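Naming follows writing order (A, B and C), and every chain is counted from residue 1.
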Amino acid sequence: MGEERSLFLLLDLSGTFIFAISGAVAAKERNLDLFGILAISFVVACGGGIVRDVCIGAIPPAGLANWNYLAAVVAAALTTIVGYRQVRRFRNPVLLFDAIGLGLFAVSGAQKALSYGHNAEVAVLLGVLTAVGGGVVRDVLLVRVPLILQREIYASAALVGAVIQVACERLGVAKPWTPWVAMFICVGLRLMSLRFKWHLPTFGDRSKRKISSDP
Amino acid sequence: MGEERSLFLLLDLSGTFIFAISGAVAAKERNLDLFGILAISFVVACGGGIVRDVCIGAIPPAGLANWNYLAAVVAAALTTIVGYRQVRRFRNPVLLFDAIGLGLFAVSGAQKALSYGHNAEVAVLLGVLTAVGGGVVRDVLLVRVPLILQREIYASAALVGAVIQVACERLGVAKPWTPWVAMFICVGLRLMSLRFKWHLPTFGDRSKRKISSDP
Amino acid sequence: MGEERSLFLLLDLSGTFIFAISGAVAAKERNLDLFGILAISFVVACGGGIVRDVCIGAIPPAGLANWNYLAAVVAAALTTIVGYRQVRRFRNPVLLFDAIGLGLFAVSGAQKALSYGHNAEVAVLLGVLTAVGGGVVRDVLLVRVPLILQREIYASAALVGAVIQVACERLGVAKPWTPWVAMFICVGLRLMSLRFKWHLPTFGDRSKRKISSDP
């Protein structure tokens, strides 16, 4: 049990670090100052989790009370600032790190809700919210069209990851590696949808098919 | 008592369905994909109620834990997708359904806060918040100027509905049909303000009277 | 103890009044109607505090349950409407009142978290959040680039104020005038950064140094 908890703390901290990098890159590209980079990183990395903790009654939220999260954010922001050249070698670092954070948080968010005794629906919905919440706030603050509104598969990938984790737990077939599989599928789905331009059906008039771009 | 509870569950679910339609229409007009439509519908329909539940200590929030809400959202989104032509016959379906949802949520939100033992001020403020919260988030996510900032009567209509409901409860004159009357007045006020261009006074310089339009 | 509580209630209500003025001025400049001005004022003044109270488990949040806050907001909005000419004599009233509110809320927010028995990290983070939360929401609703993303020292000033207050409390050297000193340093830092264009380092490419302006 203690081991399982450490596993999910590890998942959660990894997600925090990775999401914080995506936030720091986005903030740096907007030329924010040191504190602006830290603030955006913190919101992206911990925002979704704080909302989740408030909804499941985990007061005070871990993102505020446990210094590990703050340390992960600071480390990620400094890593980004110092190693920006390396980070920028990836074709689109915000999208890449965002995808990995999405998978980690979908799984760890769902599991945390389960471990507080809530039902499967709460767990799945809060897994998705933890995963997409921080990124939505990042995009709103930076006045970009939220990723969740783009045509590629985004929140649906988080949904798949959360459902796999919750279903395995509830059916009693969860193994120590279940969360990694769920996470891997979620990240893979997201990255492949970017690579191969997969998307869910839309229903608009053909004449105005194009999604409106930046505001 | 049980009957009263069912009445407010009915009001709340109706508001959820109606607001979800307004969200689905707005999302569809932006050509979002299937999941994007579901996500926006859910946020519009359940966002305000989740914030209200967190503020009154109803953990986990009903919008997350009670599958009826999710079912209402899915039903509304599918209805909108399948019956889009019928929905579009209304001159401005987002505004119409938004107005009805506003009335339903102002009343049911205020009543839920009262039933958790909070005072009249909490009930009125949370009634208004439940009613306007989801729509504000919808407009922020879709990068539109929030309806609450338009010149017509919007949040003030929600305030009137919530005050009528809370006052009748507190003065002990509430009848089974009180919530319907409160809701009817709120919706009527909103729709008539749209129809007849009613608005509250502004205080700007005459020279720059026009409200700034879309971003 | 009771005296200390009154001190922080006073700080909190002053911050509410001052932030509400900054919200009312911003809303009035956008020509919102009476209720729009009240709504924006309320969100700016009480939004951050409500999030803080939810995070520390103070249910229902004081901003909703204690009529003093609502009264302070209404008074501030009416003051702004009636005395707009006087208020406009300040070169930039939104920035000025925002700075004072920042200092008041950084200190009172941190102290409230401490008084609910949370640790120093929670207190500092929630002090900053209380201070910057309302202003961020104001700017998002009015579709402006949030102040926190500008180059001047903003959230960092709130951080300094919250850290001074929490450190003095924790080291047992807090005096009755400690909060005023913490607040004064925070406001001074913010105003001087505006006056002398102080800013924290950025790390962008020199070629694209300019922060992108309004959307």
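Methods note: contacts are C-beta pairs under 8 Å (C-beta built on N, C-alpha and C of every residue); 3 or more make two chains touch, one makes a residue touch a chain.
Owing to the predicted nature of the structure, the values given are computational and were not obtained by experimental measurement.
Chemist: I'd like the angle of the rotation relating chain A and chain C after CA superposition, in degrees, nearest 5.
Modeler: 120
Chemist: Call it same or different for chain B and chain C: same when shared residue numbers make up over half of all numbers used at their interface.
Modeler: Looking at both copies, the contact residues mostly diverge.
Chemist: Just the number, please: Cα centre separation of chain B and chain C in whole Å.
Modeler: Spacing between the chain centres: roughly 29 Å.
Chemist: Could you say which residues in chain B touch two or more other chains, in rising order?
Modeler: Correct list: 54, 140, 215.
Chemist: In the complex formed with chain A, which residues of chain C make contact?
Modeler: So the residues of chain C touching chain A come out as 54-57, 118-119, 121-122, 125-126, 132, 136, 140, 145-146, 148-149, 151, 153-156, 159, 199-204, 208-212, 215.
Chemist: Quick check: in the complex, which residue numbers of chain A touch chain C?
Modeler: That would be residues 28-37, 39, 50, 54, 59-61, 64-65, 67, 70, 81, 84, 140-143, 215 of chain A.
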